[in-house]
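Alright, structures below, take your time with them.
Two complexes are shown next, each including chain A; its partner changes from chain B in the first to chain C in the second.
Then we have the complex of A and B:
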């Protein structure tokens, strides 16, 4: 590793020049002559039998080239972990927004007119809107034909589930949870619910499919995992992968939402039927109705503690609402399930996870699938536990946080556990550490917090290094936060989370050119994270060349080598290692050329600062060696392949959120979030912190405003105006700190950041709201209405809520927990 | 029915024959090939299609092309002057304010409208001026910084 790398120099992302000038090519900027516009008719009903579809009039409309329904295409289903989703509904629709028919026409207006001429007769069926109701035995089964679905790993695993709506189930833990609970002095149980949220990318799904007798299938898309898409299409369409070419450009935001099959199969069948290329762009309404948003959840946590606050046992029951289909996920039970136990030392644990089919939009991957949901529950629960044993939330976490060498509560053994340092730094760098006494501000008094001294964290240890980025807004309201604010109450809250560095496989090629420059050829897409820059940077470091000499090529599955796809926090680690190996291979080949030119051995040859040297006094740059080697020899293609199947480290994150709660209206304003990420080694610190900043604001939306509500399965939000993503004035200050020093599996000891910044935000805000106003909200989003209602109830009752029971009353839910558990989606 | 329009875009008169009822966004992208203007929600909620009309940021998806006749339209492609990028474009790159880049053209143009009117805005004014442009990637942190940096540089020059 070079000294330059250790300095963590900020790398300018070359491709962003194209993006500020408008030259960058996104999927919708591709053009194919003679293409048709495709549109789909969607079901208005969440659950219905399709009695009859009449397409005669639509077919007769001038300018219409194809109209298809399930009857016109093979009976195929697609999906990643389980192939459960039909291309067009066949006989039954399972969610409001499901595709029923499709048309291809000369232009969008004609296509829309054709849709209006299609009549569908439905017979409405009872709606399974609640996952808890859907998972009960005896509930009507939404997928009675499950046994026939392709690669259905689930049913092989659990034969008894086929006549239920439980799409997947897992149960695991460590120790003996019953024994742990029996030893506990205090047992607390809470139920939390989280809502369906959209990923929020601005660029809608785009698909363009061209079919031909000899050409095979060519796809243009903004799918961020083009090789997985190609593989899935090959299976669905029954074609060899080499007949399918997926082309892609820059991706206008993903956040997990662009990794699944979307409109590619329907465009393929429209193209087959019309003999023309067919293009389809989802409208904002379709995105909100029928993309693959984050899973809604119901999470029950039960923990057993000693009087002194030590955690002994934890039981987590997590229900992920899959919606109508689970195919958008690599596993119906998303990865966040494992983290439902938190980042603490707990000797006895048990997780029960369920993925449940309902009549709602099919859920999919969304930035850290499962994590924001489970950590909202775990870290809210953690504050409740701290209060019950009379400890400050920070002290309670310090007492129980996982330490080096300890087994994770889900039974994993990680190298380099950095949780305590991460937590301490968040306190030290935030208002929490500065005020030292969080209880001081309370006038009305809050149980278990008043007057307690917060533990002052130790200074950061010398083998760790931190990188700071302070957003400018800090200076503005701070002085007034705690005074003269009328009905506003200030609060501060924290949360601690973890998420592993991503796994997967990738191959890369590094070509060295005759002028001594190099090109990284990789199939990794860049959904905005800066993956191209980081991969170029890794190659530059290995080749000893300046970054400016390294270019990047990809863009199509026919040319670029396989990559798993830019998701799951894997690119820097997995693709990065493939690129590193390819660069090493390429360099080694240039060394061979240098040895031949200098007449020395590899052992004698040195390479430093771009110069090859032999002991005999010969020297030459990369360009000179390449130029001097003759045409037959100076073709250098370095190859690298890398696969990571098992994770041995994780990345800890801690956040401290500061809020103002308007106690008259319940409105919450997030002032500032201090975020610390355990990053291993930041390869491009500015880009790493930029990921955290975006994730925090996305996490704030999850906490407070964003929701895709349904009434009995019917979606209520159908435009971006009603889907309340944060605007610039809404966004808080984000102060981001990167904690280096605990090496990860990526190149040069790097870890991951794409998803690690999001999960701590919602619980830190929820805890801050409790600190500010004394109300605990168990179901997201924490809207002003919910806060107001809770404040009113609190005022009316004027009694603190009892949540802790002494041993002997174990299992009885707290008041608020029960309320949340009983609540139905609205 | 087709209609002939003369649009003044990025300093040039452009003759466009298009169907009646086409939006400015459609004409810019599909007829004039100015694909730097991005189509997001197509309902005026996200701001990705922002262009300047007589110096004011507008959602080009909500403006009928015919209504743009007689007005000066600036798109992201029109910011570069004599091979020199606008200070906002430079600052967006240098401050790391660009991630996926889909909001960037609209964001830069909204920022330009602000700085043309108010050369030294404070942070609240910047955030307010950008409130019609959604960005999911950045949390707005570095976008605000980039506008501040550009304002300082332009101020220094002026």
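Then we have the complex of A and C:
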């Protein structure tokens, strides 16, 4: 196999044409004769007792085939991790948007009219809107019966936690954090908050369920983990796996949001009640109100340092707001938790993680669950620490960054730690090192922003390769930008993050056809990432065939082999390895045929550039060998399976963001983000760069604008017009560099990129805003209004200081001590 | 589609349209970017809709030297935003129309419809207020004309009565030396409803500014014309301090609300900033013009 085929070549996606012309089949393109439209009535209240539901009028409406409430269906609960979510609210609603009743009718209008005829009498209950309040002793308990829930991890270690709405708790670390803090010269503590955000996929959730007389269930859905969905439905419905078939097409975006059970159970019961197939499509309003958005968090970080800036100890308390139910998560404490300690060498650490029930929308998985939240906190905290010890943020990170062979702060041992090179390359390729920008800040007398003399990164070692991708115009002001209307302060900030390649189990089959082409059969879905292309590419590499000769088939759980689902940045790694092994197995079978034809042994046979050769001078292509093999040519079927339980390495990511802050309005423009990803080996660089670019824009939305705010549990944003995802004119230039050379666990030494590019963006922007305007925002999103308020407070304080009114108190402690959410112990 | 069953009335003259309206109170369709949304959201359930699309005269966007601009009821935002004469003579209006929604909305949505929807945040509204626009209304007894401050009554409310159609908006010819500007502030660069917007028009005569008109958007129940603040700026040679004072005056006259887009306090502060920036922009454009000449 040629190295050229592996590296740097842009692989054209076969489905692109279909998608552009509209031929590609998505879930909503499936249609069954006689199907009904399903609609659900949702609770307007975040917490209420259901006194009475009257469905009589709805049932009498012409065209209505089924109306169901909790009383009409078995008392079951579903959930990936803990099964805590009812199909329809039973007795109580726990969030505004919860399903209370469902109808199936001949068309959408009739279904909606039927909903309007259902009357529900509620008795409103006090709302638990804040996770910290929900954790207090004596708070009302939202899930009093949770000991009965399937998969519930009983919190035996710390009795009483479950009486405080704590769905899950974890505590771990290394060393002795108290000892570490005792040895520290400086201890700083900061609290950060992050908001609920939606994944922002274009295609809403779609479900179509057909139930037959023979108990069998057929589902058409855009769930990105159809085998997990099948397993969960089997448990909830009490059916054998063989009775459930999940069909799927292309997925119109996922970003983590389509891995949970959504409308499948309610469609199933509507179909049972009506005897007809029932389909449901969530509206944009329902998506914003009641899908499974990113967890809101409250994160407190406390770090102990030596005077010279070395980190000694870190304590992290992370509260994930689960919302009303935690069932959308494979584990209520999402994976990002351990990363609250950062990617640094810290001998003494302790994490306390809590997943807390509140009366809000149930949170789920969103691109790198937990990471953007904890890294916003930990990398903002890192800049605050650097300032406290008088170091440049880059210098401080270099001093503390995890080096090869060192134990991670959560106690993991990784091979090939590449953090320093990732960080250095981000500095080298960005404006960070340019003296003029950093120097100008120094002139203005800001502490901790030193010139560049001491921070020149060393040359990147020669055994690493990088792939560059520049998007956007990159015509940027080099410093503060003065116009006749106002002054826009320029700032630059950085962040360093880490996230491992995903794990799980996958099986795959590779069939070689009589004309020498091949088909990969896999259960992996393609949510727009190009997973089918990469899996075909991996098979092509192993089989020594051009990509065009490899096709991909999947489409339903009855025919395709098992796959864990397209999540946690695992498809290239795990499914890829399964496909690689299946291709090897198939190739081996063709080699047997070649040996039989050539009269040589496997050891003597060579296969290179698509040609089998024997020492005796016989040769033949794949197609020729197959054609010459009689009936044996029809039976070539390779199988592969791969299960990854534990990661041996991780992927580092560093970003440098440049911003302009309009000091009159507080508005922030992100000019450019330089992103470096430790990729191992880029199998399809164009697809990798697209992931990076998308992640940066999504990360920027999280940093500055996107938010699903609630007032006392009541959702305030119910329309995409009010949900401020970045538009094209908002997008910054993205300069992306893929750092190759530190091999990962995937095929051909690849690592992962689906989630790795997102977490550094928000803290890099937050740090750049601080550099630009001297204001530190501790809670996301960093809206113009918050920046403006912080600037006004800063000005007021400055005036106060100039008048000599402030004496003694906070004066010595500098800017970090001025914020309420932030405590110093020096 | 939800609620999307209605009778479509398609008259080919205004008189015919008025006859339809006399017979039944039906919503009027021009661009449809607001109307169809209301139907989809179930806010209205019309049995019939009166489309203006077959009335050719309503597509007219015309300018007559000495008289001014006339914008027919079916003229879209994109046509106004891209018109060379609007850009030259009425820059605030061109700027405002270029900032409405997205390209798709600007291609369909009409300026008259934007006014008729009476959103306090409507981009074209504050620009047209500052340019002294008039609304030309047709009814069975003829034509009536009103100025924009008389047209806006409240959020979604105008002084258009049952049986009336807005035929056009007219904008008077600006006197020599007039400059205008529209500035908008939102949470993102496009597809955005203003948090605050400001439009300023004035002409420079021997270093002094005359015929000053100032309007604000998204800070009161209606787009707001501020004659008090304008008269403070009238006849003066503007300084930065003066413009700040004007900003404070405008902010004090605004009556913003708290919503999920911004707090009332922030809106007031931004009114102050935008008024000052509008003034600075006019000074800059005048300086540019002098340099050019």
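The rule we apply is simple: the second predicted complex is superposed on the first by the 755 of 826 C-alpha atoms of A that agree within 3 Å, B and C clash if a C-alpha of one lies under 4 Å from a C-alpha of the other, contacts with A are read in each partner's own complex, and residues count from 1 in each chain.
The working rule: a contact is a pair of C-beta atoms (placed from the backbone, for glycine too) under 8 Å apart; a residue touches a chain by one contact, two chains touch by 3 or more.
Computed from a predicted structure; not experimentally measured.
A.B. asks: Which partner chains sit in contact with A:16 here, chain B, chain C, both or neither? Use first/second/both/neither.
C.D. replies: first
A.B. asks: Kindly classify A:784 by the partners it touches after superposition: chain B alone (first), chain C alone (second), both, or neither?
C.D. replies: After superposing on A, A:784 lies in contact with chain C but is clear of chain B.
A.B. asks: Looking at A:727 after the superposition, I want to know if it touches chain B, chain C, both of them or none. Which is it: first, second, both, neither?
C.D. replies: The answer is both, since A:727 touches chain B and chain C.
A.B. asks: Once chain A of both complexes is superposed, is A:251 in touch with chain B (first), chain C (second), both, or neither?
C.D. replies: Only chain B is touched by A:251; chain C is not.
A.B. asks: Does the superposition put A:203 against chain B (first), chain C (second), both, or neither?
C.D. replies: So A:203 only meets chain B here.
A.B. asks: With both structures superposed, pick whichever of chain B and chain C touches the larger number of chain A residues.
C.D. replies: Ranking chain B and chain C by residues of chain A touched puts B first.
A.B. asks: With the two complexes superposed on chain A, say which partner A:745 touches: chain B (first), chain C (second), both, or neither.
C.D. replies: Touch status of A:745: no partner.
A.B. asks: Is A:705 touching the first partner chain B, the second partner chain C, both, or neither of them?
C.D. replies: second
A.B. asks: Have a look at where A:667 lands relative to chain B and chain C in the superposition and call it first, second, both or neither.
C.D. replies: Only chain C; A:667 stays clear of chain B.
A.B. asks: Check the residue A:24 against both partner chains and state whether it touches chain B (first), chain C (second), both, or neither.
C.D. replies: First partner only, chain B.
A.B. asks: Indicate the residue numbers of chain A shared between its chain B interface and its chain C interface, in ascending order.
C.D. replies: Correct list for chain A: 721, 726-729.
A.B. asks: Provide the residue numbers of chain C that touch chain A in the complex, in ascending order.
C.D. replies: 1-3, 5, 42, 102, 185, 187-193, 260-263, 266, 269-270, 273, 277, 280-281, 283-284
A.B. asks: Chain C touches which residues of chain A in the complex?
C.D. replies: It comes out as residues 108-109, 112, 484-486, 664-665, 667, 705, 709, 716-717, 721-722, 724, 726-730, 783-785, 788-789.
A.B. asks: Of all residues in chain B, which touch chain A in the complex?
C.D. replies: The touching residues are 34-43, 45-46, 48, 75-77, 79-80, 85, 89-90, 92-94, 96, 98-105, 108, 123-124, 126-128, 130-145, 148.
A.B. asks: Please give the residue numbers of chain A that touch chain B in the complex, ascending.
C.D. replies: Residues in contact with chain B: 10, 12-13, 16-26, 28-29, 199-204, 250-255, 281, 283-284, 471-473, 476, 527-530, 686-687, 690, 693-698, 719-721, 725-729, 731, 733-734.
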